[in-house]
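I've put the structures underneath this note.
First subunit A sits with subunit B, and in the next complex the same chain sits with subunit C.
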Partner chain A sequence: MILLYFFIIFFMLTVLSFFGGKHSKSVSLVSLGILTVFFVIYSILDFSNYTGGVISYYNALLASYSASGITVHINFSIGLTGFSDLLVIISLLITMFAVLMGSNSHGAYFYGLFMAAGFGLAGLFMVRNFLFFYIFWEAVLIPVFFIIGKYGTGNKERSSLKFFIYTHIGSLFLLLSIFTLSTYYFLNTNVFTFQIADLMNVAFIIGIPPYAFYFIIFGFLLAFLIKLPTFPLHAWLPDAYFDAPYSGTIMLSGGLVAMGGYGLLGILYPISGLFPRYLVYFIILLGIISIIYFAFSALFQTDLKRMAAYGSAAEMSFITIAFGTALLSTGYVRTLDLSGGMYQIIAHAFVAALIFASLSLIYKRTGTSKIYELGGLNRELPILSSFLLVGMLASLGLPSLAGFIGEFAVTISAYQSIGLYTLFIVLGLIIIAAFLIWAAQRTIFGYFNERLGRLRDVNKQEFLILFFMMVASIFLGVYPTLIFKMLTAYASHLGGLI
Partner chain B sequence: MNYEYLYALILLGLAGFIALAAGIKTDNKKILGGFAFIVLIAAFFIILFQQKNYSIASLNISSFDTYWALIFLVSIMVVIIPSMNDIKKRFDVYYAILLFMALSMVIAAFTYNLIVLFVSFEGVSIATYILTAFNKTKRNLEASLKYFMISTVGTSFNIMGISFFYLSTKTFNLNAVGIISFNRALLLSLVFITIGFGFKIAIFPMQQWAIDAYDGAPNSVSAFLSTGGKLIAYMILLKFLFLGFIPDYNYVFFFFAILAILTMTYGNLAALMENNLKRILAYSSVAQAGYMILVFALIGYSYYPAVLVSKEIFVRFAIASAMFYAIAYIFMKAGPFIAMSLVKKDKVMIDDIAGLARASRWTALFFAIMLLSLAGVPLTGGFIAKYFLFFSLIIGNLWWLAVIAIINSAISMYYYFRIIIYTYRKEGENNFNMDPGIKYSVIIMGLITLGLGVSFALYTYLAGIALI
Partner chain C sequence: MVNIYFLIFLLPLLAFPLEYIIGRYRIKYSGVFSSLMILGSLVLVILAYLYLQNHNFIYSHYTWFYNIDLGIYIDHLTVIMAMMVAFMSLMINLFAMFYMKNDPRKNIYFSETSLFIAGMLGLVVSSNLVLFFLFWEIVGLCSYLLIGFWFFKPNAAAAAKKAFIVTRVGDLLFIIGMGVLYTRLVNVVPSGISPLSIPYLINNAQHIASAIGPNVLALATILFLAGAVAKSAQFPLHVWLPDSMEGPTTVSALIHAATMVTAGVYLVARLFPLFYYASSYSLYAVVIIGAFTAFYAGILGIVVNDIKRVLAYSTISQLGYMMAAIGLGGVIGYSGVAFGMYHLVVHAVFKALLFMAAAVILLTLMELRNIKDMGGLFRKMPATAILMLIGALTLAAIPPTAGYFSKGQIISGAYEYFVNSGNIIPWLLLVLGEILTAIYTFRMYFLVFLGKPRSQLAEKAHDPKLIYLSPLIVLAFLSLTLGIIQKPFYRFIDGSVYIYSPPFAIGVLPVAFSLLGILIAYGIYKYNIKGHMNIVKNPLYKIIKNKFYFDRLYTEIISERIILPIAYLIGAGERKYNDRINSMGKDISDIGTDFRKIETGNIPFYVAFLIVGMIVIFAIIEIMGVI
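Moving on, here comes the complex of A and B:
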């Protein structure tokens, strides 16, 4: 029940933030702060003895119809798993960062939209019903569409449309898959329902004819892989990231990308044991191509923001790989693989937020994010460029920083299932490292571009924001157990399902 | 005999004459409009609470018919207040016509006799010819003339269709159609009926008049034409196809699957290239008609052997989603048309809407919500209607049709969002005439659209009363 109250209060605070007027930023920040503290305490209490599965489950029957042997149930149910609990916390924190990084000139709508996106994300990770899953899946898109389309820069209107239509096509196929699942469930039981627990059930899925099953997994994979994004489905990503305001980019890279990862590992995984082998290999192949392709694309970008966008996509490809390779392995390796993938989502949120936040502050001072117009920032902005450097190092997977844990876990467990092909993943990692270090060399170090003039380093408030993100990145790198414990409990439970 | 059903009809008819008579003394739009509104609300509640589930002659007063009657009344109610701004004079005649039209529509909702259906349908048609030309500007007259010419063709097709139907079934009463064997006359009747009523619904080859008429008519009349005027033809066709064509269901499926695909694809593609805002809305209403007639295809398909689930279930779901579509459609389609009155110009291009958000942000927000609802975005009425329509397609094993519909739905996103983006642009906030009547109509209709987006219980209620 407490979760339901949390949900309702979050919704009311979201509505409130639209009416905040001049105080909208502080209203959103205070409400997000309170919600985060509340939720963290709640999850510490709730997850102290977590052993996998859905806990703090709440279910309400919204509408039902039954006659002549047919029953239709429309439920609203929420619950948390170890994974989704962490994602809710992440979405709260990322929304808070995004609001903090928002410039003070924007009106109440700006912060209201961020609150709405955050609410959509938190709702998405909480619901255990496919109807509401779809509703929240779409509900996140709308505020982000407006954030890009209204407050963005450059070709913002086209980018926002592209972003929306791309993801919407994916989600419509997701919708069809949900319908097909529900129809076959009805054939088995004479009950129409959209409950995730009922529909994502191997015992029931195994009875579905193969063509229907392929249709279903096609829809799910399309929606989730577009969102992640994976190689051929990524065209929305660079434009949307680039034209969004910096806070919007933080929201996109930290929050929205987690939706795809959550879809793969949190929703689709229980039935993925039934995937045909070649599909699994194909998914792994897509993941490997994505890493290498995105890393190479990032290498040749002339703009730091666009480079970081491709870099973020390359990082997320580890989740595709973790999803695929975990299907080939068993036992502890599978658990490690899955929890590595999940960990990567969480670590990536902080790391990407740190990178984009420092880029945002650099842009504020220099008025540019082009690599060749920057250079030697270390001289004028020592603190800010150190933050950027930490972000980049964390992103390339330097041990003791956040990115390392997930990438390492995924890579070593991928070796157990695909053998020497892991070399391609390592190759991707090397290119990721290459473009990040090369970019750092050209912007942070070297000769200072004198045309930029005198620059002012971070003030106290900006320092605190970045410092918090940096501490989070380091903390996740040196003390992963806190989170890893929850993830492994959930992952071993998942592994047992298939 | 139970004559309770007559009360609402008598009330509406009398009120129409009273409005005309009052016109001798006054042409005050507030008095006349208020009177018409109160009468419609009274009729609404009389129909809502009257005794149900009995039939007299060819009238059938069930929950299904009552629902449609209520919807038609709502579709007239929504244009009463906005038209105070659009219509320039002779409000007595205007509101009397609306009341007479309400009378025709309520009769059409309850009757199952083809002659009565035809007459009441014509009552609505003739009324709308007058309404389209009501302001007597050149644009109005041109639109009305086009509409009149084309509709007359449609009418003659209707008469032919009904005659052929009688020829093969020997009855005008849809309730009394028994099991009949397939014959050519029935097939001809299906073709003629589809063309005749298809003109009014604006199904693909018969759509072009609608674009011109919606564009040229006064905004609130366009709002009515694209909602109430369309839904009555839709309901008649629904009754007709569901009850009348049992041996011909193969043809029904074949016919309407193709027509639906063509209609929605044409509407969406044409809207992509259009810059005139009212024409975009008109094309979108053609596309919406395409989604709505998927229900007919599904009714036809229910007689195929390849069906997975028993046909009663998904036809029930399909008709329930058509009924939900109807109520959601009234608000989400009439709202944008009414919002066109906010722009000072007569011919509204897409850049004329730029800056609406600066002029009034709540209006812009709810305008956007109605467009989102047309696009089928969650938490709006249009979403639930589309969601369960596609759901029933999937249950009926028509995946390919659902996929085509969904791709169309994704294409349509582009032009709806294009309009929304324009409303949030920074320039041109002085283009608008913030009449409070229109402004609050738009806001209230947007709120209702949002409210419908969470009324799952309404859908399940409709599923309970869906089968005729």
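Moving on, here comes the complex of A and C:
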């Protein structure tokens, strides 16, 4: 029940934030703060003895119809798994960061949109019903569409439209898959329902004819892989990231890509043991191509923000790889692999937020994010450039920072399923290191570009925001077990037949 | 209860933020706090050493995540290494307080070196390969930051980048090595033990080899070796170390003596049982890489004119000796590790001495590093000259310095290796390396100290106050006297060590070669002095001067001709792809325009279209058999 109250309160606060007037930034911050504290305490209490599966389950029958042996159930049900609980916390925190990094000049509408996006994310991770899953999947899209289109820079209208249409195509296939799935469930049992627990059931899915099954997984995979994004379904990403305001980019990279990862590992995984083997190999191949492709694309960029966007996409490829390789692994290795993939989503949210937040502050001071217009920033902005450097190092997977645990877990487990092809993952990691270190050398070190003039380093407020993100990145890298325990508990009870 | 020995690396780690904060407010106290913390670590290590006199190991561990644990494992090998690291770091840190005293950012320097030292100590005592790797990377990161400490020098930033990326290549191969071991061992280990726990791996190596097969184990060890090769700057990943001289000289001393490059050798020594029980080619790879590097870097060292670079090549070469010594273990057993570790310790002492002496010289010469512009410094700074002479003699392994004992034993071991296995290559390379070592060391020494000053700055050179030289004096004393602990040292590492004494002629050969090398060096010096400073046009000289084109292979071929074009292709392709997607809206409206042509307004045409369409639809339904 508490979860339901949380849900309702979140919704009301979201609505409230639209009417906050000129205090709306503080209103959003205070509400997010309260919600986060509340939720963290709640999940500490609830998850102290977590052993897998869905807990804090709440189910309400919204509408039901039953006649002549046919039953229709429309449920609203929410619940948490170890994975989705963490994702809700992440979405709250990321929304908070995004709001914090938002410029004070924006009005209530701006912050309301962020609250709405945050609410959509939290709702998406909580619901256990496909109908509402779809609704929230779309509900996140709309505020972000407006954030990019209204407050972005450059060719913002086109980018936002492209982002919307591109991801919407995925969503439509998702919807089709959901309906196909529930139709078959209806044909089998005469019960029409959208409950995830019922539909994502191996015993039921095994009876679906193959072409329908392929259609279903095609829809799911398309939606999730677009969101992740995976090569070649990533075309929305660079423009959306680049043209969004920096807070929007934080929201996109920290929150929205988690949707795809959650879809793969949290929703689709239980039935993916039924995937044909070549499809699994194909997914792994896509993951590996993505990491290399995005890393090389990033190397080619001349703009830090765009480079960070591709870097973020390259990081997220680990989730595709984890998803694929876990299907081929067994025992401990599979659990480690899945947990590593999930951990990567969480770690990446903080790391990306740290990078984009530092870039935003650098942009605010220098008015540019072009690599060749910057240089030697360490002289004028020592603290800010340290934050950026920590973000970059975390992103390239330096141990003791957040990015390492997930990348490490995925890479070492990959050996069991794909053997020495792991070298390709490592190749991607080398390129990631190369472009980040190259960018650091050009922007943070080297000669200072005197045309930028005197620059003022971070003020107290900015310092605290960045410091918190940095501490989070270090904490996640040094003391992962708290989170990892929840993830392994969840992951060790996931299915997988191969 | 938390084991007190965790403080070995936690104390310097504590100094990392505190040095920075203290320095922000009271910059003149920078370095005091970190030195105290390192001293604390040293005391703890000595306590551990005393404890290990009658115990075998100290082991304490907790779960880190999943079945990876975090903890410390200290045995005889570890305690020696840790003692060396803590002691050398302390000496260098004390000296750095003098060397860096006028730097406005010295608080950052000391906080970064604290992290560096903490990383190295943590690496040495860690009980799990993953934790080991964590510290390994922290060490790499700190070397990156410290090499680029004078970030406003583009050379420094480039060298830092190079160091980071080259070592990163090795590190990532190291990860795969762990992957191989982890995925194979996870079902083999008894429950409750992490598959990557170091004590488990080294104490059950034979069992592991039979459980997962010696070839798989060899694959893992070769991948570990790749990590070690990158970290210890062995051929062919040695290119980063000479460039890393752009940082402050004390950083070079740290990197070369205590905190970085020895990590690779230590890794191989630590996991020696795995190497030993894996297929024989894994240790063979170690010995060949080591011996070849020892020889190869010696050649490169002869033609370099930068005082720090000469020392850098000497480090690469000496690391080759250590690596080769451990590799010899394939035939002579664990004694190889003892030989290698002894040389590691001796090398740390004299290399730190040499670097600090170089730092003294560079300080008075205002960072003028070309030895051809020096000369005559023996008269100008006699104390430094004598200290450096001791270091150089130790490096060239002239008796009775410690270098003679440590390196002589490795070469004798290599001869034993030849006798037992019939493979003469390691011995040959190592013994020829001996001549080269003497040549490059004394060529540098003569050019720096003999003759007349060849530049304005060299005219004005002078010794610093003796108090600043005290760390050097301690190290010089150790260089001369460490030889007496040779045998106890060997026995501490390996209880059943067998010290080889080859035939007299073979045994005396290295010393003869060293003396010969010094003579040759004097000849080169005379030749150089007589106005033949820069006239060497010999093609062989050119090849060596260009470092056998390895740097150019990496930068010009691999990065510029392969990586960059690929990035360019992919990046340009990505841009095309993006444009394509962007213009898709227009494509769709174009298709609409095309379809509009069907709307002719002609009724019979519509009817015909309808009929054809229905036929097609029914045909599809019929074929698919849906209804």
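Methods note: the second predicted complex is superposed on the first by the 494 of 498 C-alpha atoms of A that agree within 3 Å, B and C clash if a C-alpha of one lies under 4 Å from a C-alpha of the other, contacts with A are read in each partner's own complex, and residues count from 1 in each chain.
Quick note on the criterion: contacts are C-beta pairs under 8 Å (C-beta built on N, C-alpha and C of every residue); 3 or more make two chains touch, one makes a residue touch a chain.
Just so it is clear, the structure is predicted and the values come from calculations on it, not from any experiment.
Student: State whether A:F10 touches subunit B only (first), subunit C only (second), both chains, or neither.
Tutor: neither
Student: In this superposed model, does subunit C or subunit B come into contact with more residues of subunit A?
Tutor: Higher number of touched subunit A residues: C.
Student: Is A:T422 touching the first partner subunit B, the second partner subunit C, both, or neither of them?
Tutor: second
Student: Please work out whether A:F110 is in contact with subunit B alone, subunit C alone, both, or neither, and reply first, second, both or neither.
Tutor: neither
Student: Should A:I70 be classified as contacting the first partner (subunit B), the second (subunit C), both, or neither?
Tutor: First partner only, subunit B.
Student: Kindly classify A:F186 by the partners it touches after superposition: subunit B alone (first), subunit C alone (second), both, or neither?
Tutor: First partner only, subunit B.
Student: Counting only touches as set out at the top, which of subunit B and subunit C does A:D239 meet: first, second, both, neither?
Tutor: Second partner only, subunit C.
Student: Name the contact category of A:F173: first (subunit B only), second (subunit C only), both, or neither.
Tutor: A:F173 contacts subunit B only, not subunit C.
Student: Have a look at where A:Y293 lands relative to subunit B and subunit C in the superposition and call it first, second, both or neither.
Tutor: second
Student: Which of the residues in subunit A end up touching subunit C in this complex?
Tutor: 158, 162, 166, 232, 235, 238-239, 293, 296-297, 299-301, 329, 331-333, 335-336, 339, 376, 378-379, 393, 398-400, 404-405, 408-409, 411-416, 420, 422-423, 426, 429-431, 433-434, 437-438, 440-441, 444-448, 480-481, 484-485, 488
Student: Which residues, counting only subunit C, touch subunit A once they are in their complex?
Tutor: Touch residues, subunit C against subunit A: 63-67, 130, 133-138, 141, 144, 148, 151-152, 154, 156-158, 160-161, 164-165, 168-169, 172-173, 175-176, 178-180, 182-183, 186-187, 563-564, 566-568, 570-572, 574, 577-578, 581-582.
Student: Would you mind writing out the residues of subunit A in touch with subunit B in their complex?
Tutor: Going through subunit A, the ones touching subunit B are 62-65, 67-68, 70, 72, 74, 109, 131, 134-136, 138-139, 142, 145-146, 149-150, 157, 160-161, 164-165, 168-169, 172-173, 175-176, 179-180, 182-183, 186-187, 215.
Student: For subunit B, which residues count as touching subunit A in their complex?
Tutor: Residues 308-309, 312-313, 361, 372, 377-379, 383, 387, 390-391, 394-395, 399, 402-403, 406-407, 409-410, 413-414, 417-418, 421, 424, 456-457, 459-461, 463-464.
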